[in-house]
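A, B, C, D, E, F and G label the chains in the order they appear, each numbered from 1.
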Amino acid sequence: MKLKPLADRVVIKMVEAEEKTKSGIILTGSAKEKPEVAQVIEVGPGGMVDGKEVVMTVKPGDKVITSKYSGTEVKIDGEAYTIVRQSDILAIVE
Amino acid sequence: MKLKPLADRVVIKMVEAEEKTKSGIILTGSAKEKPEVAQVIEVGPGGMVDGKEVVMTVKPGDKVITSKYSGTEVKIDGEAYTIVRQSDILAIVE
Amino acid sequence: MKLKPLADRVVIKMVEAEEKTKSGIILTGSAKEKPEVAQVIEVGPGGMVDGKEVVMTVKPGDKVITSKYSGTEVKIDGEAYTIVRQSDILAIVE
Amino acid sequence: MKLKPLADRVVIKMVEAEEKTKSGIILTGSAKEKPEVAQVIEVGPGGMVDGKEVVMTVKPGDKVITSKYSGTEVKIDGEAYTIVRQSDILAIVE
Amino acid sequence: MKLKPLADRVVIKMVEAEEKTKSGIILTGSAKEKPEVAQVIEVGPGGMVDGKEVVMTVKPGDKVITSKYSGTEVKIDGEAYTIVRQSDILAIVE
Amino acid sequence: MKLKPLADRVVIKMVEAEEKTKSGIILTGSAKEKPEVAQVIEVGPGGMVDGKEVVMTVKPGDKVITSKYSGTEVKIDGEAYTIVRQSDILAIVE
Amino acid sequence: MKLKPLADRVVIKMVEAEEKTKSGIILTGSAKEKPEVAQVIEVGPGGMVDGKEVVMTVKPGDKVITSKYSGTEVKIDGEAYTIVRQSDILAIVE
């Protein structure tokens, strides 16, 4: 299954951070401070949304930071995604 | 009876998930994680809604994901439906 | 007395459902699941409402479903009616 | 004293219902179900209200039904009036 | 000191009602039902307010009725005034 | 340090009232009724604010009255200022 | 990692105030009154935001004062930043 977001919606997935310590041990997720970064998976077409023209400026693969608590969580094929409006995306992390 | 939604309203029906396990047993609804997918049954005509032009982009048969708690539940001929605005539909599942 | 709704208002009346069981007994209202259908009695003229052009698309006699709890109940000559905005009407039942 | 409502305001007065029973006894107000009808006393000039053009469609003498709890009650020369916006008037009773 | 209201603001002063009883005794303020009438003292220039053109229709000396609880009370040189928006003025009393 | 307000913001400072009694004693601030007047220190450039053109009509040195509780208090070099929107200024005191 | 804010977003960082006392002792942060000043780190492109044209008027390096409690705090590479809308910035400190 694949999610095709409508209008100004964007499908994102929280990034499971993975980091090698100097000693070579790999730390994932809960073992360290929760990362606040998500990856863009799918981007809606934009266009007229609530009577206002919206141009989509994020693209699949972008790492982004969103407003806390924004969006709707969904589970597709056992994977958890979040669907947000593009206006809930605060910044791209480069 | 048939529901003809007005304006930007869409009639959807929660999908009763059915899945065969490897052993051949069929699991429905409550026996597993509740699916969050609904099927579009009827689509309103769109047009001017609250002073803004709305173009309908979903069509009957589409599998969709909606905002949680959005819409009004109705029972017609013993069948439960939900009537939502198209803007409450987050994504189409393909 | 007769109600002439203003602007985008619509006067509706909850339908007292009546249904023959196979054995011929007639069931009304409280004896079965409450129907959620109302009948349109009078329709306002539409026009500019709160700065937006509203075209009326329902007509007297239509069976409709409205948002729960919307509208104002009034009693005229002992009959109970509800006055709603057309935008509170979700769908026409055919 | 006389009230001249501004903009889209309308001065109304609750109608003290009076009704003869078959035996000739006159019942007023509290002796029976409270009527929900008011009479239009004065009508504002309409025009631009909150940036939107409002045309007044009610006139003095009209019997009207308003949203419950809308408006401000005032007492002028011992008489109680209510001042509402025209958009709080749901229907004219004929 | 003198108050010059900005935009669509209006400075009003509650009228201290004074009334002669038939026996010639003068009743003021708290001795009888609180009057709900205020006098317009100063009127702002109107113009663009929150993106909308506002034309001032009240003038100093007008006796007016305002929405209850609207406005800000200020004390200038020991005198209490209330500053309201013109849209909080419901009617002129003539 | 100096504050340069953005958009329709205005930096004001509560006026520490000073008043000579007839006997020549000087009363300041807390010794008498709290004045509700502030002095304009800096004025933003105005222009498009939230999609609406705002023209600034107050200027540094004006004595003004603001809505109670509006604005953000800041302390710069030990001095307390309040930053408000021009629309929170109700009147100029002359 | 670097944050590229979207639309009218601005990335700011609270300024860790540092101040030499006359005796030459350096006081930082918690040792004195909390400064309310932040430094602009990155500025979004502006443009159409919620249907309104926004021109960015702050630039990286500006010292600014923001509405209390506005914005979202994020931690990137162990450093804490706040992402605000430009409209949450009240004034530039010079």
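Things to note:
Operating definition for what follows: a residue touches a chain if its C-beta (ideal position, glycine included) is under 8 Å from a C-beta of that chain, and two chains touch if they have at least 3 such contacts.
Predicted model only: the values in this text are computed from it and were never measured.
Path length between chain B and chain G in the touching-chain graph (shortest route): 2. Contacts with chain B and chain F are shared by no chain at all.
Averaged Cα coordinates give chain D a centre that lies 24 Å from the centre of chain E. With centres defined as mean CA coordinates, chain E is found 44 Å away from chain C.
Multi-chain contact residues of chain B (touching two or more other chains): 51.
By the touch criterion the chains form one closed ring, and its order from chain D via chain E is D, E, F, G, A, B, C. Listed in rising order, the residues of chain C touching chain D in the complex are 1-7, 9, 11, 42, 44, 48-51, 72, 74-76, 83. If you check the complex, the residues on chain A that touch chain G are 33, 36, 51-53, 55, 57-58, 65, 67-68, 86-87, 89-94.
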